[in-house]
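Should a chain be cited, it is by its letter among A, B and C, assigned in written order, with residues numbered from 1 in that chain.
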Amino acid sequence: MIVLFTDFGSDGPYTGQVQARLYQQAPGVAVINLFSDLVPYDIQAAACLLPAYSAGFPPATVFLCVVDPGVGGSRPGVVVKADGCWYVGPNEGLFALLVRRAGRVECWQLPDPVGVSSSFHGRDVFAPAAALLATGAMVDAKAVSAVCLDQPDWPDDLFRVCYIDRFGNAITGVRAAMLDTSQLLSVNGHRLKSAQTFSGVAPGDAFWYENSNGLVEFAVNRGRADQVLGIDVGTVISL
Amino acid sequence: MIVLFTDFGSDGPYTGQVQARLYQQAPGVAVINLFSDLVPYDIQAAACLLPAYSAGFPPATVFLCVVDPGVGGSRPGVVVKADGCWYVGPNEGLFALLVRRAGRVECWQLPDPVGVSSSFHGRDVFAPAAALLATGAMVDAKAVSAVCLDQPDWPDDLFRVCYIDRFGNAITGVRAAMLDTSQLLSVNGHRLKSAQTFSGVAPGDAFWYENSNGLVEFAVNRGRADQVLGIDVGTVISL
Amino acid sequence: MIVLFTDFGSDGPYTGQVQARLYQQAPGVAVINLFSDLVPYDIQAAACLLPAYSAGFPPATVFLCVVDPGVGGSRPGVVVKADGCWYVGPNEGLFALLVRRAGRVECWQLPDPVGVSSSFHGRDVFAPAAALLATGAMVDAKAVSAVCLDQPDWPDDLFRVCYIDRFGNAITGVRAAMLDTSQLLSVNGHRLKSAQTFSGVAPGDAFWYENSNGLVEFAVNRGRADQVLGIDVGTVISL
């Protein structure tokens, strides 16, 4: 199974071009579009979401991960094997938290691309590599130490909003297991209690809860937390 | 074939997580994303769209249906078999009109979920059930009478806008077969005639017509009905 | 492989209905959603994008192409075979540039549809034809001369914005191979130089470049060209 974790959008044309390339080079392999609306340029947010949303997939799943403001520049592409799953993408910090938390990590650096576009490595570099890995082959890449990965000095938990979902819920970069459910969280002047789920509070009330992938999320029962709380991607939260 | 009829959005991450679960538990079964942008919380609108848009699918199609403001609360999950197709989702009224119109109906109540998320039963409860049904197996569920289904006192035809499509067309909850094409319909101060299709009126003109799934729809030839008429989901219409 | 090139949107319900029809009539054939957000009614823009974005697909790929303001009127449906690939859709000009540039072209006219919707030929007429072609069968259609195709008097290169992508990049209808990279391009009062890729200019700077499908595209390094330059689909550009 190949899982797409990108900022490409699902309407066109980038996700479709990647899927076409994957289909041609790995026919019969299922392709799942997990995220296609990661926030462009916000690598740190994506780096927080990746370990949370890639958890639970079966061994040998291949994650094609692209939030890639440096495309066409000198940043190399990498292949990471972490706890049995493969991750392919640009070396710009996206894998930093994944690798930090993984039990077993191996890394490879992809060769400098030749004869491909300078603006769409998702299609021309990473998709071919992902297709090879998904079919059980190895890519032409140089084994390197995990210290070669771009590992910015980012905290383990990011106290800000990383993603607003279709319902207006605000997903943060904080693992809920790091907090006690009795703790209040502050965001944009609001102090919020936790609840187990939406129906645990009155309609219209805001709260925080552990979302279905283990992250702290702000929500409003039958409403939009982004509007009710006046928050957006990047809004800082605090204890 | 498994058909998704949800408010999850196609960009991420919910539809992808459901598709991954379906793929793992029912590999080889096609998954079609019919609606992923149903209006959140508007169960009545979705209940009107469901029989119209699920018509014509082959027997044994499994519809995974989720508009689920009560997730995590006490509402049970249900499996409905109506005229040969399966429907899986929360028991909050979504199946009311489908069942009312079906010739033959059977129902099962899913057991209370244990050890799963309290906010994403689409992935953790309904997808596994849909996968089982799609592979020809039966789910672990208690046969119940159809009267156990949440059946609000909703009219057979809903005289309001239920969905705005990408073109700005306004799909209502009224079956066109209930009207005569000579009837005028009123919406937000406009009185509109019917036409058979877009090119039946002048560019810029608004009209109503029987859409390709049998519902009354407001449209504008080469324009957006939502903007031209000033209407949105919820806007009331009348004869 | 069947490739969708439409204005249907990926969220619902049109792309899903087409995919369901394709799956039923051509099970096992991969369906790729290349574009589902082409600009409604803007056939000329889509006609410029089609040859650029259909290039590179393997022989016998079937493109289902729908930007169809005339649906339900008298415009016929056509099948075009151009340089080994199939194209199915309405005869409203969408194939004009593709055919003009192709080395070898054959055309067929689909019979007038009977007993189908008058507003959704993508599902009821073109999808069944595409499914047949994808399975190696021929459609029931009359061979006609390519001069039967609607061929508006459009320039080979369209000096305006044809599509804004998710990042705010503005794709034009101009083939980059027609320009020299030393040329400046004017758009909305801005005179812009070319660069090879995003990282070739400073963050926040606007430029034009040859995008990954050979078209001239306006972009801003780590920013949105549509907002920075104040441009939208339709904005004219000039040398």
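The rule we apply is simple: a contact is a pair of C-beta atoms (placed from the backbone, for glycine too) under 8 Å apart; a residue touches a chain by one contact, two chains touch by 3 or more.
Please read all numbers here as calculations on a predicted model, not as lab measurements.
In a homomeric contact, the two copies may use the same or different surfaces; for chain A and chain C, under half of the interface residue numbers are shared, pointing to different surfaces.
Superposition on CA atoms relates chain A and chain B by a rotation of 120 degrees, given as a multiple of 5.
If you average the CA atoms of chain A and of chain C, the two centres end up 30 Å from each other. Multi-chain contact residues of chain A (touching two or more other chains): 9-10, 37.
Across the interface of their complex, chain B is touched by residues 1, 3-4, 9-10, 30, 32-38, 53, 57-58, 165-167, 196-200, 209, 211-213, 221-222 of chain A.
If you check the complex, the residues on chain C that touch chain B are 7-17, 19-20, 23-24, 27, 37, 40-41, 69-73, 117-120, 123-124.
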